[in-house]
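Think of it as A, B, C and D in the order they're written, each chain with its own count starting at 1.
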C-alpha cells in the first residue's frame, strides 16, 4: 500500500471482493454508522456466498430501528435479498418484532442462510482480539447458556467462563465521519460502535466517509482510528 | 395484564418503573434495557444523580430527543434518538462492553421472559420463534454489579414468568438479585426467592397462586414502597 | 460516589491508600504522562509495603529519559528511596545504562524489593483485560522465553502462546491533561500510554490533571477516558 | 569495533542503517528500535514513504525535535522528543501493542545482543547484570511481519553475536529474517543462515572466522548493496 489511500468511487473500493469472502460490516443497527454506499456497491458488484459479520443482519426495514421517520432504511437486507449471503455472524440478527420479520429471518426460516449468534460484547471483544493479535480469551459472558455449549469452560476466581476465539475477516466495510488521505478516521457520536474494532481486524479495511480532508486536516489528538488500520477511504462527497 | 382471580388490579408499568427507581443510589452508573426499564429514568428520586450508560456507545447520556429532532449518530441501544447533553462521552462497542463486563455498571434493569427461583434469567430466545436477538443481554446480566428484573408477573397466557427453573434458554445463571413485577417484589439469591413487597390489595397467598416458584415470605412483607 | 469527583488537594486524593496496597502508576517513563504530584503526596502520606505497577520503576533520574535538559526528574524513585515499595511489576524497571543504576536497581540488588518483569505489550493488555472483565487471554509474546516459564502454553494456528491473567490494582494514579468535574479525561500526545488502560483497572482511579474545566467543557467526541472509570480528579492549578 | 585479524575496516553504524533502509518498501509501517535502528530513518530510499510507529503511542511520527524544543508529551520509545508532524495520531499503550501484536507493523529493526542460526533473538537481558528491561522487545519480535536485526557482528570482547544457539535469555524464537552487521548480511530462516553480502574487503571465510555459527554462502554473494 502507498500512503494515499483515497479511492475515487464506491464501486472501485469493493471491486476485488471475491465470492466466499468474509466481510465485517460496521455500525450498530441504525442509519448512523453504517456503510450504506459500500453495501449498495457490493450489491452491484455481486460477490456471492459471503459471510457477513455485524451487530445485526439488517433489522431496520421492519421497525425503523435508528432511522428517522419517513426515510427508507438501507442495510444488510439488500445483500440478503440479492442472495449474496451464505452465513451471518451477529448478536442481533432479527427484527425486534416477531410479527415483522426482516429479510434475514425469512431467508433463515427457508434454510438459505447459516447463523452464528454471538453476544454483543463477546462479538466486539472477539473482533478487537482478532485485530490485536490475541488468539483467544476467557469471558464469563455466555457461560452456562446455550451459547456456551461446545466451548471450553474454565473457572477463574470462582466464576465460570468460556473460551472465545479472536475473529478476523477478509474485508471490513466501515463508516466514519472524516478521513485524511492516509486514513486517519474520526467518527460522529454513537457511530463508533463496531466500526472501530472492525477497522483493526480485517485484511482489507475500507472506510466510507463523509469527506476526505487535506493532509493534516485531522487533529492528531482527535483521531479515533489511526491510519495504520485503514487500507482504502472513499468519500460520499467525491466527484463521482 | 390481569387474570380472572386477581384480588386487586395489577400495577401499571410506570409503577413498576417507579419502584425499581427507588433502588438507585446517588452516583450510580445505570444501564436500562428496552421496555419497562427505560421508564425508570422518569422516576429517579430527588437528589439522586445517575450516569446512564448505553451499549450503543454513549455514557452519561440524556433523555430521548424531541420528535423529529433526532440525530442518527446519537442513539440508544433500542435505536431511539437521544438528546445531546453536556458531560456525555462516546466510545466503540469493545469499550462499551469492557465497561459492562469489567463491572463498571452499578445497576442494570432488564425485562425478562422468565426468572428462576435462584435468579437465572431467560430473556433472549423465545423457542417458538426459533431465532433470537441476544444483543447485550448476556453481557449485562453477567457484568453489572446488580441486575434487576422488571417485568409483568405473568405472560399473556397467564403463565408465571417466575419459575422454579427457567424453561427457555438462559441469558445467565443466578444473576438477578431483585425482581419487580406488577404485583410483587422479590429479593433473590442462590438460596431462593423472598417476597418482600406486594401490590395494594394483594396478599402473599394471592402471589403464590400465580407464581410457579416457591418463595419465602419476609417477616416484614409490606405494600409496594414507592417513596 | 457522587458525580462531582473533584478533590481539593493531592494530599486528600491519596489519603486513604493503606499499607500493602497495589497501585498502578501511569505514564511511559518521561516527564509527560506521569502523576508527579500524586507521587509526591504519596511519599508524604507514607503508606508502606506497596506493590507498584507501571511501565518503568523510575528510570529518569540516571539518564534523563524523557525529561528536558536541566529539569530534575521526579518518578517512582522517590517512593523507592523512601522505603515504601515491597514489589515492582514493570516492563522497563532499570536504567538504560548499566553504569548508572536507578534507585530501583540498587534496592533490588540489596534484596529489598521483589520484581516481576512483564513484556510491555503484555502488561498493557493484562491491565486492559483487568478493566474489561477478561480474566485471562493467550498471547504469543513471551512464549519460549524465560518470561513464559511457568505459564500455561498453548498452540493456536501453529503458533505457541502463553496464558496471561488480567491485572487489577487497588488504586491507579494517573495523569491527564484536563478533566471535567464528573471525570471525563483528555490527554496530551504520548501521555496516554499506560494512563488510559490503568484508569479502567483499579478499584479507585485518581487522576492528576492540569485543569478541571466547567461541566460540559470537554467535547464528548474528544473524551479519551470516559468518566465511568474515574473516581477522583485533582488539578495542578487548584487553589491549594 | 575492529579485531586484530580483520582483513578490512568494519562499516560504520550509518552504513549498517543505510543497508537496512534498503529493505523498506513504499507504504511500510516501520518501528525502529533504539541505537543503530533509529539511524535508518536518515537513509530511506527516494520515493519510499513510510509510516513510523512508536510504542510510546504515536503513529506516523516524524524526526527528533530540535535541541531544546522538546515537548514532554511527544516522545518516542527511547524517551527522545519528537517534532510534531501532520498526519500523526496518538493512542494508549494497549492500542500501541494491539498494533504490534496484531501484525499491523510491516518491519521492525532491532538491535540485539545475540542472534542464533535459526533466528532466535536475545536482546533484553544481560546475565551479568541480573536484571533487564524487556520493554516492547518481545512484542515487536513476535508481532512485526518482518524482524531485522541490526547490530555489530562481534561484541566488545570480540565474541560473536551470531551464534549457533543464543546463550542469553531469549526475546523470541525464530523471529529474525534478516541480520545486518558491520561486516555481513544474512538471510535467516528455520533452516539456518545464508550469507548474502559482505563488507568491502571481506571474504566469506573472513566472516566465518569471526562467527560462531554455521552458515551457507549464497551462490551470488556480493559486496554490501547500498543503492
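We take it that contacts are C-beta pairs under 8 Å (C-beta built on N, C-alpha and C of every residue); 3 or more make two chains touch, one makes a residue touch a chain.
Just so it is clear, the structure is predicted and the values come from calculations on it, not from any experiment.
J.: Give me the chains shared as neighbours by subunit B and subunit C.
T.: Neighbours common to subunit B and subunit C are A.
J.: When the C-alpha atoms of subunit C and subunit D are each averaged to a single point, how far apart are the two points in Å?
T.: 29
J.: With chain centres defined as C-alpha means, what is the inter-centre distance between subunit B and subunit D in Å?
T.: The computed centroid separation for subunit B versus subunit D comes out at 57 Å.
J.: Mind checking the centre-to-centre distance between subunit A and subunit D? Centres are C-alpha means, answer in whole Å.
T.: Those two chain centres are 37 Å apart.
J.: At least two other chains touched by the same residue of subunit B: list those residues.
T.: Each of 58, 90-91, 97-98, 100-101, 143 in subunit B touches at least two other chains.
J.: At least two other chains touched by the same residue of subunit C: list those residues.
T.: In subunit C, residues 125, 128, 132-134, 139-140, 187-189, 220-221 touch at least two other chains, as defined above.
J.: According to the definition already given, which pairs of chains are in contact?
T.: A-B, A-C, A-D, B-C, C-D
J.: Could you pull out which subunit C residues touch subunit A in their complex?
T.: Touch residues, subunit C against subunit A: 125, 129, 132-140, 156-157, 159, 161, 165, 186-189, 220-222.
J.: Which residues of subunit A touch subunit D in their complex?
T.: By the definition above, subunit A touches subunit D via 1-3, 128, 130-134, 180, 182, 184, 200-201, 215-216, 220-221, 223, 226-229.
J.: So in the complex, the part of subunit D that touches subunit C is made up of which residues?
T.: 34, 54-58, 68, 70-75, 78-79, 81, 90-94, 96-98, 100-101, 125-126, 129-139, 142-143, 169-173
J.: What part of subunit C is in contact with subunit D in the complex they form?
T.: So the residues of subunit C in touch with subunit D come to 28-33, 55, 60, 63-69, 91-94, 96, 98, 105, 108-109, 115, 117-125, 127-128, 139-147, 187-197, 224.
J.: What residues of subunit B sit close enough to touch subunit C in their complex?
T.: So the residues of subunit B in touch with subunit C come to 26-27, 29, 49, 51, 53, 58-60, 84, 86-91, 95, 97-104, 143.
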